[in-house]
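Take a look at these structures.
The following pair of complexes shares a single chain, subunit A, combined with subunit B in the former and subunit C in the latter.
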Partner chain A sequence: MTAAMLELDNIRAGYNDAIAVENISLTVGQSEVVCLLGANGAGKTTTMRVVTGLIPLLGGTIRYNGEDISQMPPHERVTAGICLSPEGRQVFPDLTVMENLSLGSFNRRARRNRAQTLDQVLTLFPKLAERSGQAAGLMSGGEQQMLAIGRALMGQPKLLALDEPSLGLSPKMVSTVFESIQTIARSGITILLVEQNTRAALSIAQRGYVLSAGRVVHEGTAADLAQSEMVQKAFVGAAFTKQSVRKSRRERRLAESNPGGAGA
Partner chain B sequence: MIAVRGWIIILGSLVVALVAPHFLPPGFSDWLTRLSTLILVAASWNMMANAGLISLGHSGFWGLGAYSAALLANAFHIPFWLSIVPAMLLGAFFGACLAYITGRLRGLFFAIATLATSEALRVVALMVPKLTGGAEGVFVFDQIRPDRITMTSFSLCLAVATVATSYFLSRSRYQYALRAMRDSESAVQMLGVNPARFRIGVTALSGAIASCAGVITAWFTGYIDPGSAFDLKITISAQIAPLFGGLYTVTGPVVGSIAILALSELTRLYFNYSGGVGLLVYGCILVFGVLMMPSGLVGLWKRRRKPVVTDAAVPARAK
Partner chain C sequence: MASLIFQIVVDSLLLGGVYTLMAVGLSLAFGVTRIINFAHGDIVMYGAYAAFFAFVSLNIDPLLSLLFVAILGAIGGYLLFKLTLDRILDAPGINQVLLTFGLGLVLQNVAVILWTGDERSTTPSYAFDSWFLSDDIVVAKGRLIAFGLAVAFVVLLLAWLRWSELGRATRAVSQNRAAASLMGINVRAMYALSFGLSSSFGTATGAIMSFLLPITPFMGFPILVKAFAIIILGGLDSIVGTVIGAFLLATAETTIAYVVPQGIGWAEGVAFFLLVIVLIVRPTGILGTVGRDA
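Entry: the complex of A and B
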């Protein structure tokens, strides 16, 4: 693991009086893909909201590139390079695809290279170029997910936070979206990924944390987690075999041996 | 190129605004002044609505503008055209405070808070007779009142400037941020936009413009009292005009203002044998108008011109 880009130290957060996550500590290294796994209500999305600053931190500290950002307002975190593709996509339905993307590069840092970033995003998601003038609300779920990720990329993230990118997508669309995420990861962007689709998440992540009832109950490399009895029992189900783990590992080796991959 | 066309239209309207009142019969100057004040409040209300802020407090801005102009004219003999400046500053300051204080209030809660503040201002105006003349009202110092035609020209120019402001706002990149704020403030926030800044900015701008309308009315009628300066009817017509003309559009508030003023004058003329009937007909037309034209007169016009827009969009979704 390289130098830590994001460090959560004993964080505690919740909504009103209900504490949703407690004593969560985790690190994300430079250019690493880290996933947070867990069932419904485990605190994955809450952790993501704390990282992006959408809900206040009740305890603990968040460090980003060594700097304490616990009290930094969300829009400044975006300027600092933490961009989120939120759970449920949250694209603006009345705005066109292009307007949605422009909003992604609203902050001062990203605005400078907007045209170049836009090119990269449209290369990664050609579908968005086809649909550029269309209202975002009239697109399919998969296209909206691409738009949500593309919009986050328009902010030129150093740390890309992806919350449930597979939510509500067909299996085929899930693999398309995850291929794109892998492409983004290969371009050197650090990714923090929250997923319920454990298999898809572990196929692209290097490390993972398993959350349950607001705490980290397990952590390890993706391969370890994939084989861990606990993870399998809790979240994966019977469909997950050792074969598919080997396949995903093989894919990752292939990915590593081919570092030139398309930029995002 | 569109920007060039926009400038030509703006300059043309300014010339018309300056010249037209001199050639129209005197009865029109009253009508045109009312029209411009209505456009001012309607367009400024629409700016806030565009960002998802439903204001029920525009009569508050109006009243602040009216009182500041009247009191400054009486105390320091500040002339008509100059009194716009302190009134706008006051309106902007009050708007910024309102947006800051209401903080995270949204939707209905924000609307009620603005309603309460404007009503509170009216009560304050009643309670400090030493400053405001209380329920007896104030007369604006008569010697420095300009003639009606000058005031009409000036208010028409202000209306043109307001529409121009909302036009340029609609073409700026802030437009996306404001429109997106209407959908979801938290979603805008995680894209690196500071919604508080925009909320305060747009409310201050809206307040400054709406207080101009109060200034014009105070000078034009020469007399104000708390009941008329903080009249709830102002707030209501400020939202009926954009609703009727076309919500969230630049031309909507203008078209709507013209339409509802024309309607109210016509129903008053044709049904004047008993005051109530005219208002009833006027009310019915407004209700049906809003019900039958969800995107207003402007929306009706757009749909007539390109009827395929919605049909073309549907198959894309099915895909």
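Entry: the complex of A and C
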């Protein structure tokens, strides 16, 4: 692994009195694509919010390129190069597509290269060029997702954080979006990806962490995770392949025919 | 009859201009911070006093001092925000309401101590001038100036919001503050900026009111009440809605004052009658988004 760009060291965070993630440690290397996997409520989105500074860190440290950014306000993290495409897209609904993209490059560092970055983003998502004058809130979910990613790219990220880019999209749109993410990754931008669609995530990530109930329960290379029982057990839904369902039925039958026997 | 209708239209337009001035700053600050500034009327009052003293001691016309009064208002509003509201942004909404309400009381009573409760006014020549469009249609020159300035202010504000970097950021914060901070926008700084801008509109409005209304430490409250009704009519966070609300209220008040016998007394109640109707028929206001998703 190359030098760590992002390091979370035993972080703890939550909302009001409820702790949502505890003792999470992870690293993301330069130009790496790392995914966080886990079921609903596992703490993936909370982790993303802590990394981008949207919610306060209650314990542990976050280092970015070696610098402690634990207390840095969110807008300064953007200027430092951490840009998030948030869960649920969060585009500015009454603003046009072009205005949304321009806002993406509000930070001083990216503003200088706005025209150039815009060209790159519109090449990646030609659909956004077609819709440039339209109010963002009137676009389809897939188009809004492209806008959310495009808007984050406008900030010229060094670390691009993508939270559930496939949420609510048609299967065809999911593959379109993931192809774009792959293209972004190839351009050398480091990506931290949160996904419920495990298969799609592992197809583009090099490494991954599996979260459950606010803790890291497993980590490894994408290839290892794809094979892992642990990963499949950590979820319901999208991750359940037909094979694993068949297998678990067999396990259940075995367990029923052999009560008290050694479990899995 | 025709001239009566024409006079009603003229008076409605002119009053609408005055109302727009009163409400637009309140709407701007609320749109960004989601805090109703109950001290806004008192900020208008300070603008009126500033213009008054510029007029009587320095002999500067209110329309000229307006620029300086607006700048002072911007600085004052920014500092007021930094010193007070900025500290309780994470507190429950009721605390913020109480704070701005309390600030209003303090501002009002400081004015009483400094300048007594006596009524004053600036008396530039145009304050008493009128034009006769025909034998029986009158245009008050002071109000016409106020109308012109209201139009100019709103156009400038809308252009700034539409095309400037900070204006775009202001709209972004208004729509989604978390997403705005993800754009690298310092949301708290934008709050302070919008508050300063709002106060600047407030004090500029005061300078204009200095030749339209009697200046007293208590002039702020009725202005606040009207402005509050107008922005609820218009939808709280929409500048265009605020303008529509202002002209709607002005038209309703003027019409009732002319048409209904003893109507001038009734006209004062129109704001609240309209408010109740709008809240029943269209709870988000005419163009508003607040509570749209709730």
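Descriptive notes on the structure:
Note that the second predicted complex is superposed on the first by the 235 of 264 C-alpha atoms of A that agree within 3 Å, B and C clash if a C-alpha of one lies under 4 Å from a C-alpha of the other, contacts with A are read in each partner's own complex, and residues count from 1 in each chain.
The rule is short, and it goes like this: a residue touches a chain if its C-beta (ideal position, glycine included) is under 8 Å from a C-beta of that chain, and two chains touch if they have at least 3 such contacts.
This structure is a prediction, so every number in the text was calculated from the model and none was measured.
Steric overlap between subunit B and subunit C is present once the structures are superposed on subunit A.
Of the two partner chains placed around the shared chain by superposition, neither subunit B nor subunit C is touched by A:35.
Contacts of A:86 after superposition: both subunit B and subunit C are touched.
Applying the stated contact rule after C-alpha superposition, one finds that A:140 touches subunit B and leaves subunit C untouched. Applying the stated contact rule after C-alpha superposition, one finds that A:169 touches neither subunit B nor subunit C. Touching of subunit A by both subunit B and subunit C, each in its own complex, is seen for residues 52, 54, 73-75, 78-79, 83-84, 86, 90, 92-95, 99, 102-104, 106-107, 110, 151, 155. Contacts from subunit A toward subunit C in the complex involve residues 52-54, 73-75, 78-79, 83-84, 86, 90-95, 99, 102-104, 106-108, 110-111, 151-152, 155. Residue ranges of subunit B in contact with subunit A, taken from their complex: 173, 176-177, 179-180, 183-184, 186-194, 313-314, 316-317, 319. Remark: subunit C residues 165, 168-169, 171-172, 175-176, 178-187, 289 touch subunit A in the complex.
Chain contact summary for the complex, subunit A toward subunit B: residues 52, 54, 73-75, 78-79, 83-84, 86, 90, 92-95, 99, 102-104, 106-107, 110, 131, 134-135, 138-140, 151, 155.
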